[in-house]
Every structure is written in structure tokens, then in C-alpha cells.
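Here's the structure we're looking at; comments come further down.
In order of appearance the chains are A, B and C, and numbering begins at 1 in each one.
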Amino acid sequence: MTAMLNVKDLRAYYGQVQALHGLTFALNEGSLTTLLGANGAGKTTTLRAICNMVRSTGAIEFEGKPLSGKSTENVVRLGIAHVPQGRGTFTTMTVEENLQLGAITRTDRKNIVADIERMYEHFPVLKERHTQQAGTLSGGEQQMLAVARALMLRPRLMLLDEPSFGLAPLIVRELFKILGKINREDKVTILVVEQNAQLALELADQAYVIETGKIVMSGNAKEIASNEDVRKSYLGY
Amino acid sequence: MELFTNQVLAGIATGAIYACMALAVVMIYQAIDHLNFAQGEMAMFSTFISWQLMQWGVPYWWSFILTLAISFAGGILIERLLFKPLAKAPVLTNVAGFIALFAIVNSVAGLIWDFTIKQYPTPFGSAPFLGSQLISTHQAGMIGVTLLMLVGLYLFFQFTRIGLAMRAAAALPESARLVGVNTSWMIALGWGMASAIGAVAGILIAPVVFLEPNMMGGVLVYGFAAAVLGGLSSPLGAVIGGFLVGVFENLAGTYIPGVGNELKLPIALALIITVLVFKPAGLFGRAIVKRV
Amino acid sequence: MSAAAEDTVTEAPAVEAVPKRAMTLGTGTSLVILAALLVTPVFVKNFVVFQMTMVMIYGIAVLALNILTGGSGQFSLGQSAFYALGAYTSAVLMENFNVNYALTLPIAGLVSFGAGYLFGKPALRLSGIYLALATFALAVAMPQLLKLHFLEHWTGGVQGLTVMKPDAPFGLPIGQDKWLYYFTLVIALAIYIGSINLLRSRSGRAFMSIRDNEIAASAMGVDVAQYKTLAFGVSAGITGIAGGLSAIVVAFVAPDSYTINLAIALFLGMVVGGVGWLPGSFVGAAFIIFVPNIAESISKGLSGAVFGVLLFLVIFLVPHGARQVAMLAQQMLGNLRKN
């Protein structure tokens, strides 16, 4: 298998502060990879660096094309959807407008309506509320909306930043089930950053562990889950 | 009672001017989150361009359309050249930039067209409207055009993809970029549209206040006030605000003793501020909830 | 890295947080500048001395705005009104009641403080653009109020008031302009030092906590409304003293000297000097006094355009104003010392 996303020696900075210290990793096409780490380890920064939302150096290649120097919106146009932390919902717009925004860069207009219908099949609750202002949705519903909005791009790669954050456990399970389904059926490569390591490792097939801006462990999700250190630090048993 | 009705009517007539300007103010505020102090001057400049075109023999409606196109391009050009480089500068520095632009446009217009007052034609005529001496056909036409623009803007923002993208860019720039919206160009587009709307305002106002480089000074202040009163996030609010300010101003001038012409403006503003103390987001604006 | 990407990292606040120490100059630099200010009048013409006096007076007014905006994050377009109030207080006291000119200044300050405090009470329920509009209304109204008929006996109406220029006291052998220069210098210095101490005090910390995060400040027990009003009052009071000084130095007050244009000029002075950086107030004041003259000398017909272009140049080169220049200079000096 060829790597879809290749990250080499990624360093990122917030002003004078360096947040990533030479990260190297790769995502295989069709894989579902998770990036684990404690608070402040640099998980969010990694995702933001891929989309050029922080100042960074190093090489990032997506399907053989370098991403450096591209603006965020042009990275997105290559087919990389990013579900940010805090969901980035357009709260004053309706649910349906949020979904339309997800497809704003697409030129195949006639398929968009069908795709919105497909999202309503994935997430029936969104159909019920499609004329409501998105700000009136609950946290879980907004997370579903954020994922659906990202899928409206018909992405090749989807980056998710802590999708479980602030959600009830049952909703998290449901969400992760849908993510797995999207990965298998729609062939979307997924990179998910998580603090909920147990769930993420159950779902993923690949995993990386990141500590203070460096990759400290990588491999098959099952192997990582059975690793002693990981169990102690991230799984808590 | 008749005096009252007449004053209200006259207020609505002047209010149409403010409504027109307020619409342009709201447009730019939506795009860039600031009040553009140079907006009135830009509108004045556009009006002069259309006047010049007519002097060269271009028919009214052609010069109208041409001016709109030139103003749209000009607005985009100003944003790209002067304000895009300031995108990361502090907000107050941007405000200083608006003031600088104001000085430049005013001074250049004065040099090209000098400061003598010029007549500006109206396509609507200036006969009494429906037999009323207080509203002329021109003012009625102006109200009509303002309402048309309002409907046009509503349709644009609600039902076009680019309108949706502009709203997204204004509401949450970062999220907008994450769905692939080029927010920087949306801002430029906002400048272009605001500039074109300002041009319409200027062209409609010029027959009333006459054409000269300082014609917009007072109008812009009322436009701001109207936009703030209506709520800066609502084009409809801005238009209603414009009419209200016009009526306010006329009634204050008539019924409060000792006000006269000079204190009309402060009193109108004071009234608006009183409204804002009770309704901080304006009459039709959406309250912004601050998160801690 | 891309330019578009970087600005998404943090949304810039309306007023950047300035650390307390960065608000002033080092002692050495301050003393050199003070020495220069002390000896310059000996070598230059009276008109230049007068202009330098005006720079200091405008500098005080810009500093007052800086305390308000840089210190507590509020923004006022009404400073010209308080300036006018101070100027008229001094002028009326001197001309109609024969009060000594020096004594009129504290009264001008108190009157403006009171007016600012009273205006601030209701107005400060507003913030941002709304407060700007409210203060703008005040600035527009002030010249009209000064022209009011029933005040004409004291204010001289549209004509304004001419004031006697004071001579140097104790028979000192210097001219009026030079005497007023040193008089203004002493007051400017006192206000400058007082302002620095104010911002370093408990109240100053309260101001700045409001500027940085109003909700957090109130959660820590800062009485936000009270301190906001206080900051507004103090700023108005200092502006009033500047206005009083201007009445004495210019020896003339008239309603149309204090239009909204003055408020805009003071605002530009603050931006050019660097928001929140007190020494910058005087740099900004020099800008708003000298640059229009320079523009006029470059092109009479296009002086407005030249001024606008010069202003654009300044904000393109140093968007953070003179503060940025000072910080760069400091860094370079620091590097030199290391090597």
C-alpha cells in the first residue's frame, strides 16, 4: 500500500513557542488511524499544521503533492476535510445551510442534493432539524453536523479533532460506529485525534502516540492497545 | 395633527437617504467587521464618476450601470491594495487607515472636480408625489430603489452559493476556510459590493443635496447611526433605522424648542443612544452571546 | 507557512495587551530626552517653541486617550468635547473672574473629570462601536452647545474669547512663549509620571484586567462598571487640563476649534504613537501637528491626499506605531551589547 499522507520532520510554532519537534508519520490510503496523546502533547497542532493553520516547517505530502505554502482553503480543496475541535458550527445558519457550506467548493451541483439526503440517512436527527438554526442543536447533534458537513466535501481524507469531547458515552459510541462505516463504505481515509484512547484504539487500525511534540510509538492499533506503557498511561489499567 | 403627519412624511423622505447609506454601511460591516469611515467619500467619488460620464454624453442609465461596475472594481482594488496588507494589524490601525482613505478621496475629488456645487439629474422627476408637497417623485423613487436593493441583497445572501460563502466567512472565518471558502476574497467582494451600493446611494442622494466633495459628510453619520440603530447585522434593520432616524430628526427639530438645525444631529444621536442602552444589539440586530 | 494561515491562530483583540514595563521608557532614555527638552528652547525661534508647546499639550490629550483605550480598552471619539470643556473653563475663569491662569488648570481638570464621570455612568453600559457613537454624539454636540445663546455672556458665542497671555513670573528674563513652554513641560511631566504611577497602581491593574478580559476581571472581584467610569473620568480630566493649557498658550478659545476633527486627530495621534504606550503619545502628537503642515508644503491642492498617503505609509511600515520602532531599537541595542 502507498501512503496517502506523508509527514516528515514536522515542526510547528505558536509565536516563539515551538509546539511540534519533528514529527514523522504516514497514513495509508483507506486506513483509520488514531493519534493519541495527553493534553498539550501537540495532537491538535498536528492537524492544524496539515491544514496550514499554524506556522510550520517540514514536508507534508498528500497523494504525492506537497501541501506547504498552500492556504487552508486550498488544502481543503484537495479533498482534506477537517472537523475542528469545538466543531466550528455556523450557529446562526440552519442545519441545511451548514451542510451546503460543506459542499461549497464542489462543482458537481446536481449531486449535492443527493449527498445531503445521504447525510440525513447517516444522521437521521439532522433531517428532523434541517430548518433549525444549528446553534440550537445539542452538543452531540452539532458533532454529527460537523462530521456530516465535512463529508459533504466528498473528502479523500478526513481529520477529526477530538470528536468525543464533551459528549455522553452513548453518543460517542454511536458517532464512532458511523465513522467506522464511513471509512469502510465510502473509502474515506480517517485520522482521528483522541483523548478517549480506549474507544479510539478499538475503532482504528493504525495508531501513533505523541508526547510533547514527538512521536514516541507507532504501529497496529491492537498491538499498541496491548502495550504495557500505553495501557498504564492512556488506558488506565 | 396635520403638522405632525407632514413632518413624519418629510422625515421619511430624508430617511430614504439615510436608509440607502445605512445599507452600504451594513454591507461592509458584515464583510469586515468595521465601520468604514471612508465609505461616504467613496460614494461621493462614484457619484462624480457618473456625473463625469454624463458630461461626456453617456446617457443616464448607461452611466449608472458603468459607475456601478467601476465602483465595484474600485472597492475590490482598494481592499487588495490598501487593506489586505493591514489584515493582521490592530483594529485601531485599520480605523486610522479608513481616515487616511477619507482624506485621500476627498482631496483628490476636490482637485479633479473642484468644490463648487453641481446639479445632478434625477430619472424620476421632481414633481409632487401623489399630490403631496413633502415627498417628490424623486424621493419616492429613491425609497423604491432602496427597497429593491434590500430585496436583491436578501435574495443574494439567502439563495446563492456565493452569498452563503460570504455569510460563512463573516460569521466564522476559520470554519469558513475549513470548508474551502477563500475568506480573503470574500472580504474583497464585500468591499466591492459595499462600494457599488454606496454608489447607488450617492447617485440617489446627489439630486437632493447637490454634488460636491463634502456632500456625504453629514449623510454618512446618519447612515452609521441608522445602521447601528437597526442593528449592524441586519440589512432590513438598517433600512428601517434609516427611516426612523429621518423621522426622529424632523420631529425633534419641530417639537423641541430651541433645537433648530444645528442641534438636530446631536439630539437624534442622543435618542439612538438611549435606544441602545436598552437594546444594545439595535432594534433588529442579533444579540451576540459572549462566551467566557 | 502561508500568510493566510497564520492569522487564524489567534483572533486579535481590539487592544493588545501591553505588559506594564513596556508602557514606559527606560530611566536613561527618559533623562536624555528631558535634558534635550530643557535646552532646546534656548536655540530655536519663538514659533518653534510655540509648536513644541502645542506638541506637549496635544501629547497630554493623546496620553489621556491612551489611558482610556490602552489602559482599559474603551474607545472614545468624544475627547474633543472634554478638551473644549477644559479650555473654556480656563478661559472663562481667567477673563470673567480674573483667576490666576495656573489655578484655572486644576479647576479645568476637575470640571472635565466630573463631566466625564457623569457622562460615563450611563454611556459605559455601551461598548465598542456603540460607545464610539455615543462619544461621537458628544463631540458633535459640544461646539453647538458652546454657541448657545444664553451662555454667550460668558463664552462669547460664535466669536469665542480672547485670553491674556501671561508673562513670566518673578521678573524672569524670558519671553512669554518660552515661559509657557517650561510651564507646560512641568505639567506634562507631572501628568506623565502621575499616569505611569496610576497604571502601575491597584487601579491601573484593575483597568488593564478589564481591557484584557472583562468577564474574568469581574469574576476576580473588580467592580467593572465603577472602574470603567473612573477610567473615563480620569481620561476626561486629563484631557480637560490639556484643553485648559491650550487656552492659555493659544490665548484664544472658539467653538469651532473643538470639532470632531480634533477628536479624530487625537485618535490618529494615539495610533501613530502606539496604543497603550505612554511615551508614544508625544510622538503621535508631533505627527498630528507637523505632518499636516508637511503635507501642505508638498502640495497645497492635494494636502489632504498627501496627508492620507503619509498616514498609510506610517501604518504600513509600523502598524503598532512608534512603540514598534522603540522596541526594535531596544532589541538592536541589546544585540549590540551582547556582541
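Operating definition for what follows: a residue touches a chain if its C-beta (ideal position, glycine included) is under 8 Å from a C-beta of that chain, and two chains touch if they have at least 3 such contacts.
For clarity, every value in this text was computed on a predicted model and none was experimentally measured.
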> Which chain lies at the heart of the structure, taking centres as C-alpha averages?
Replying inline: B
> Compared with chain A, which chain's mean CA position is the farthest off?
Replying inline: C
> When the C-alpha atoms of chain A and chain B are each averaged to a single point, how far apart are the two points in Å?
Replying inline: 43
>> I'd like to verify one number: the distance from the centre of chain A to the centre of chain C, where each centre is the average of its C-alpha atoms, in whole angstrom.
In response: 51
> Measuring from the mean C-alpha position of chain B to the mean C-alpha position of chain C, what distance in angstrom results?
Replying inline: 31
> Using the touch rule from the top of the page, what residues of chain C touch 2 or more other chains?
Replying inline: 4, 6, 8
>> By the touch rule stated above, which residues of chain A touch at least two different other chains?
In response: 51, 53, 71-73
> Among the residues of chain B, which ones contact at least 2 other chains?
Replying inline: 174, 177, 183
> Which residues of chain C touch chain B in their complex?
Replying inline: 4, 6-8, 12, 14-16, 69, 75, 122-123, 125-126, 129-130, 133-134, 136-138, 140-141, 144, 147, 215-216, 264, 267-268, 270-272, 275, 301-309, 311-312, 315-316, 319-321
> Considering the complex alone, what residue numbers of chain A touch chain B?
Replying inline: 51, 53, 71-73, 76-77, 81-82, 84, 88-93, 97, 100-102, 104-105, 149, 153
>> Under the definition above, what is the set of chain B residues touching chain A in their complex?
In response: 161, 164-165, 167-168, 171-172, 174-183, 286
>> Give the list of chain B residues in touch with chain C in this complex.
In response: 35, 82, 85-93, 95-97, 99-104, 106-108, 110-111, 173-174, 177, 183-184, 221, 224-225, 228, 232, 262-263, 265-266, 269-270, 272-273, 276-277, 280, 290, 292
